[in-house]
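Chain IDs A, B, C and D follow the sequence of writing; residue 1 opens each chain.
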Amino acid sequence: MVKMRYVFAINFKSYETAYNNVALDIARTANQLTSKYNNVRIILAVPSVMVSKLNSIYDDIFLQHLDPLEFGAYTGYLSADSLKYLEVKGTLVNHSEHKIIYRDIEKIVKKIKDVGKESLVCADTSGEAAGIAYLDPTMIAVEPPELIGSGIPVSRAKPEIITDSVSAVKKIKNIPVLAGAGITMPDDAVKAIELGSSGVLIASAVMKAKDPNKVIINFVEAINGI
Amino acid sequence: MVKMRYVFAINFKSYETAYNNVALDIARTANQLTSKYNNVRIILAVPSVMVSKLNSIYDDIFLQHLDPLEFGAYTGYLSADSLKYLEVKGTLVNHSEHKIIYRDIEKIVKKIKDVGKESLVCADTSGEAAGIAYLDPTMIAVEPPELIGSGIPVSRAKPEIITDSVSAVKKIKNIPVLAGAGITMPDDAVKAIELGSSGVLIASAVMKAKDPNKVIINFVEAINGI
Amino acid sequence: MVKMRYVFAINFKSYETAYNNVALDIARTANQLTSKYNNVRIILAVPSVMVSKLNSIYDDIFLQHLDPLEFGAYTGYLSADSLKYLEVKGTLVNHSEHKIIYRDIEKIVKKIKDVGKESLVCADTSGEAAGIAYLDPTMIAVEPPELIGSGIPVSRAKPEIITDSVSAVKKIKNIPVLAGAGITMPDDAVKAIELGSSGVLIASAVMKAKDPNKVIINFVEAINGI
Amino acid sequence: MVKMRYVFAINFKSYETAYNNVALDIARTANQLTSKYNNVRIILAVPSVMVSKLNSIYDDIFLQHLDPLEFGAYTGYLSADSLKYLEVKGTLVNHSEHKIIYRDIEKIVKKIKDVGKESLVCADTSGEAAGIAYLDPTMIAVEPPELIGSGIPVSRAKPEIITDSVSAVKKIKNIPVLAGAGITMPDDAVKAIELGSSGVLIASAVMKAKDPNKVIINFVEAINGI
């Protein structure tokens, strides 16, 4: 029997560490761990300006946002259609810190699918996740906004958000659901997976850590051991 | 006497050519022309995802937009503070297709200055340009929005916008003023400079051309000859 | 057995007729028809500046939008909390021409409920409607944006949007679903109700009509006769 | 010689008092004071839903915001063109809590002028005020955002913002400049006028006061005595 491969997605956000040498180190660590641990998929969601540099080190790179636009006279936007030229596997969509209207989620998810890449669409609640499931993205991540960056892990404080979201989504379509917000310790991630999620989305616990690489190793080992 | 060095700024926008091989070709052409023609400064304003790739070919690269943000928990935004780590000389600000409020222009221009990079702030009118001059950016570009992409050059259709803007800006501070919108032929650029501008900002005439490199060469030769 | 009372909601939008004497005439007509036809509920969704004037004529008035805000230092916004002081029965939320993020729909619907008023939340598709059903609004209106103002009635061109939406919503909660977009003739409304909707949301067919009152009478008579 | 008539503008914002009986009381007080004190013009900038009710008591009513739109299919917006039908003397534009891009300020100011009403356009700084002066609004109000609601009066903490703004604006056009932010005591207003402004824009000092009417009387008496 093939063991499930869990997702460990690191959102670099716009922390200083997303742009400097720490970002490169994280990519190197991700690259080493990926060849060592077969049960964990490490995704790095990075600032657009960092894609080329990080992709030369590690190849499971996501964008953090795309604009719902075709190619054309748009200055300072990242047209969703450009995805076909970019060295990324996919993109975050509708993150809690970059919410967009449903119509735009629909447009972006469709364009991503058209070029054979992956969408990881975020939701605040099981209700939002259910609406998104109708759009058939590659993955859905549920993160209660009040817990993001709080250090209070969703899998401890609001386990029902994970179970409800998994249940609401699966009723519509069998889409993997990740959990996020406040996840600080490897055990929080393990707990989130035990609640039915397919992995976690994490940010400050890595990006603001004294030793981000150590944090990543600990998480990946714990998740791999599930 | 040192001859004035005029600016020829190409805004890649989000045209398909901004992301594919054409973009690389343009950077190569810019690199060759820069060593050949001393009186023209060629600036390429490119999508954020293309900065690293293009900077390895040509080094006078600008971003098209920055967000008025510090480092931090911002997903899918480009914090202005990141500029210090990026291989760009500067950034467009407040382009006609990405207008921002005055307060944010102020914040971004200040952050750009703090890290010793350049700001090229756009304005629709001489009035907007005058307000921007108080923020002391590196350059100001005036582009009447109704002419952008029209093929009707501002220097022919609305020469008074150029002369008024130069005059309004210089009353406040001696900041170079570029002209843009509808510039299609090298003569339009020459005319814009004769009207008092310090160069031009161009987009579709290059990015949608059958032979973008030929267009660039023609413009640079004409401007260099002024 | 009590016969179902169908909804005939007129969105005044920001047409000139929303602000002048036509608006007052429509309110008078609505008032007369309401006492005459028992099976139709006429809702007028009007510009905020018109609420007081129209409410003095007819009492089933809705706002077109509310901002997801408490009372406070917000200039030029309509705090959702103000609803308790306003002479309206409820408000449109998330209309196709004023889309908001899911999180804000949630906040507004909750505030509306807290003061015992009604929410009519719009959706583009059955998927968006399903997500909204989790928020338990008073009513949901489904309108494919490409048909709004087109004169091509949703009930003819895309009947499956109505049946799918009704079905998706009812699975979650028994909330009345209205249909809208392109509805021009009374028969289009009848057809929408026969497809399972609880009424229609209409705009240009009334507000841009030569004789809006005649149009309203025809619709109300047709719907009342179902 | 005709004595100057100073402006005392009260921005109701979206405080609870903007929607309940306090709002009506303030309008009554304004009405009484206006007939008693000839040197002060009292402007009430009120929520759009309150215009009709307050205008039946007092006739110098402003809106707090207008959308840069024509009549048409816009739901939940207040088209600038509607101004011709509304019982207001004018509107605030670009308030610190509702900033808009320069292009939209231009469009709104033009539409206001076309129907013979008044615009009171806000600015954060003297630079922003100068840019706005080119649009020739009826009045400009300068308010440093960091002092709004702070209780630290601009006329004490940053008197140079008032003098610089008056000077920057007058160089372009002779437009009255109001001052605002943190003004709490009648003396702060007097001081702002002595610095060259034509009056003040005030909000929390009235709307959050225990006795708003007493506050208004004190201010109007002090200003009238200048």
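Remarks
Methods note: a residue touches a chain if its C-beta (ideal position, glycine included) is under 8 Å from a C-beta of that chain, and two chains touch if they have at least 3 such contacts.
The structure presented is a predicted model; accordingly, all values stated were derived computationally and were not measured.
The minimal number of chain-to-chain contact steps leading from subunit A to subunit C is 1.
Of all chains in the assembly, none touches subunit A and also subunit B.
Of all chains, D has its CA centroid at the greatest distance from the CA centroid of subunit A.
Centroids built from CA atoms put subunit D at 37 Å from subunit B. Per-chain Cα centroids separate subunit B from subunit C by 47 Å. Among all residues of subunit C, none touch two or more other chains. Contacting chain pairs (ordered by label): A-B, A-C, B-D, C-D. Subunit C meets subunit A in the complex at residues 99-103, 106, 123-128, 130-135, 145, 168, 172. Listed in rising order, the residues of subunit B touching subunit A in the complex are 11, 13-16, 18-20, 45, 47-49, 51-53, 63-65, 69, 71-79, 81-82, 85-86, 92, 95-98, 148-149, 203-204.
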